[in-house]
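Order of writing sets the labels: A, B, C and D. Residues in every chain begin at 1.
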Amino acid sequence: MARVLLFGRLRDLAGWRERRFTPAPASLAALKAMIRLQDEALADALDGPGVQAAVDKVLARGDAALAAGSEVAFLPPMSGG
Amino acid sequence: MARVLLFGRLRDLAGWRERRFTPAPASLAALKAMIRLQDEALADALDGPGVQAAVDKVLARGDAALAAGSEVAFLPPMSGG
Amino acid sequence: MIRLIGETFDPGAALNAFSGGRTVTGAVASFLGIARGEPGRPVALELEAYPGFTEARIAALINTAIDRFGLQDAQVIHRVGPIPPGEPIVLVLTAAPHRREAFEACDFLMDYLKSRAPFWKKEYGPDGERWVEPTTRDLSDIERWT
Amino acid sequence: MIRLIGETFDPGAALNAFSGGRTVTGAVASFLGIARGEPGRPVALELEAYPGFTEARIAALINTAIDRFGLQDAQVIHRVGPIPPGEPIVLVLTAAPHRREAFEACDFLMDYLKSRAPFWKKEYGPDGERWVEPTTRDLSDIERWT
């Protein structure tokens, strides 16, 4: 199982904030492939400009491995202040 | 009569803060000459680096004319904040 | 120190608490961001954070600023959730022996908060809502520090 | 607005009064200068102004900053007289639609206050008293704005 969190415009696009994916994907790339099977528009957006991923609250690259129970967050361009 | 005000280190040097000079000097240069007759060290300091003069609360050049009753302030280098 | 807060806060009290009792600090710079918007509208913007991650990233950013500018202290207070027009969004405070370091560190922290800190901001305007992303100016501002 | 004040003041209350109720201002920058010195000493420094002249020069400086940076408002509160260690000396507040202008104007005002505003400052240190004049750094700081 991987727990996936969406923020900002990605959440609005998908229509959900948090979802579990089972069985646990072995990598970030595998998780994205699972997402693409369900929601192509969301998968395209995850690969869009400026979107970053964090695995267990650490920024990760596209080929990062996932452990069972990993928390994966997809982060669109950030803007605070 | 001209009213002369000293600020900062000029006041410490002269030992006074405000003094009247009579008869009224016709210019800033004439006032400085009157001061030199009394206190050469102060006159040297008035000609020192960074010292400005204000006549009636407006910054003035060395050859500025003075009216009777003018207020002349000698301002050493400024530092606020 | 970083504090995320879900309701309005008192910037003046924060400034006094931060600056009070210091005798080796000569300089405290601050920046207060305020939600612009038509008075009377219930919400000017809404800020979302990623709890845990957002605080950790900003704490790391504050430590970077402290090292880079030789600060004595720095603090960020940042709102999350809906913010009515006129209310504070963010307060950044920096303390240093001299003014240049305090100013630059405050400026640096704001530039990073605007385009690198994990917040997502929705603006509610007369034409509806939209997600705000860093502006061209935000992106050129942050280039100054690299 | 410029205010010279002979006793301690509350920077937080001033920040709140300045920033409160604004809905078109996005950015308020501030700088607070604090008297450094050994705690327990009665006086860290003493500031002298030229009443009338000092206020007029600072009011003109504030207007210059408002024009140059497109500010919505700016305020300077400046102590005169003896100042114990840890007490505020100066508070500069600037309000603008965006942060860069607010920061730059605050920085500009402080640079001018440090080397061009009619104040004379005596420092009381462990080795006695001395008149403070603008430092080399103050003089190079102000060159940035010409």
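The rule we apply is simple: a contact is a pair of C-beta atoms (placed from the backbone, for glycine too) under 8 Å apart; a residue touches a chain by one contact, two chains touch by 3 or more.
Source: prediction; values computed, not measured.
S.K.: Once the contact rule is applied, which chains count as partners of both chain A and chain D?
M.R.: In this structure, the chains that contact chain D and also chain A are C.
S.K.: Compute the distance, rounded to whole Å, between the mean C-alpha positions of chain A and chain C.
M.R.: 27
S.K.: Using the average of all C-alpha atoms in each chain as its centre, how far is it in Å between chain C and chain D?
M.R.: Spacing between the chain centres: roughly 22 Å.
S.K.: Between chain A and chain B, what's the gap in Å when you average each chain's C-alpha atoms?
M.R.: The mean C-alpha positions of chain A and chain B differ by 74 Å.
S.K.: Would you please write down the residue numbers of chain C that are in contact with two or more other chains?
M.R.: In chain C, the residues touching two or more other chains are 33, 99, 110, 114.
S.K.: What positions in chain A touch 2 or more of the other chains?
M.R.: Chain A, residues with two or more chain partners: 81.
S.K.: Taking all chains into account, which pairs touch?
M.R.: A-C, B-D, C-D
S.K.: Tell me, which parts of chain C touch chain D in their complex?
M.R.: 10-16, 19-39, 85-86, 88, 97-100, 102-103, 106-107, 110, 114, 137, 141
S.K.: Show which residues of chain C lie in contact with chain A when the two form their complex.
M.R.: 33, 47-48, 50, 52-53, 56, 78, 89-90, 110, 113-122, 131-134, 138
S.K.: Under the touch definition given earlier, write down the residues of chain A that touch chain C in their complex.
M.R.: Those in contact with chain C are residues 5, 7-9, 12, 50, 54, 57, 73, 75-81.
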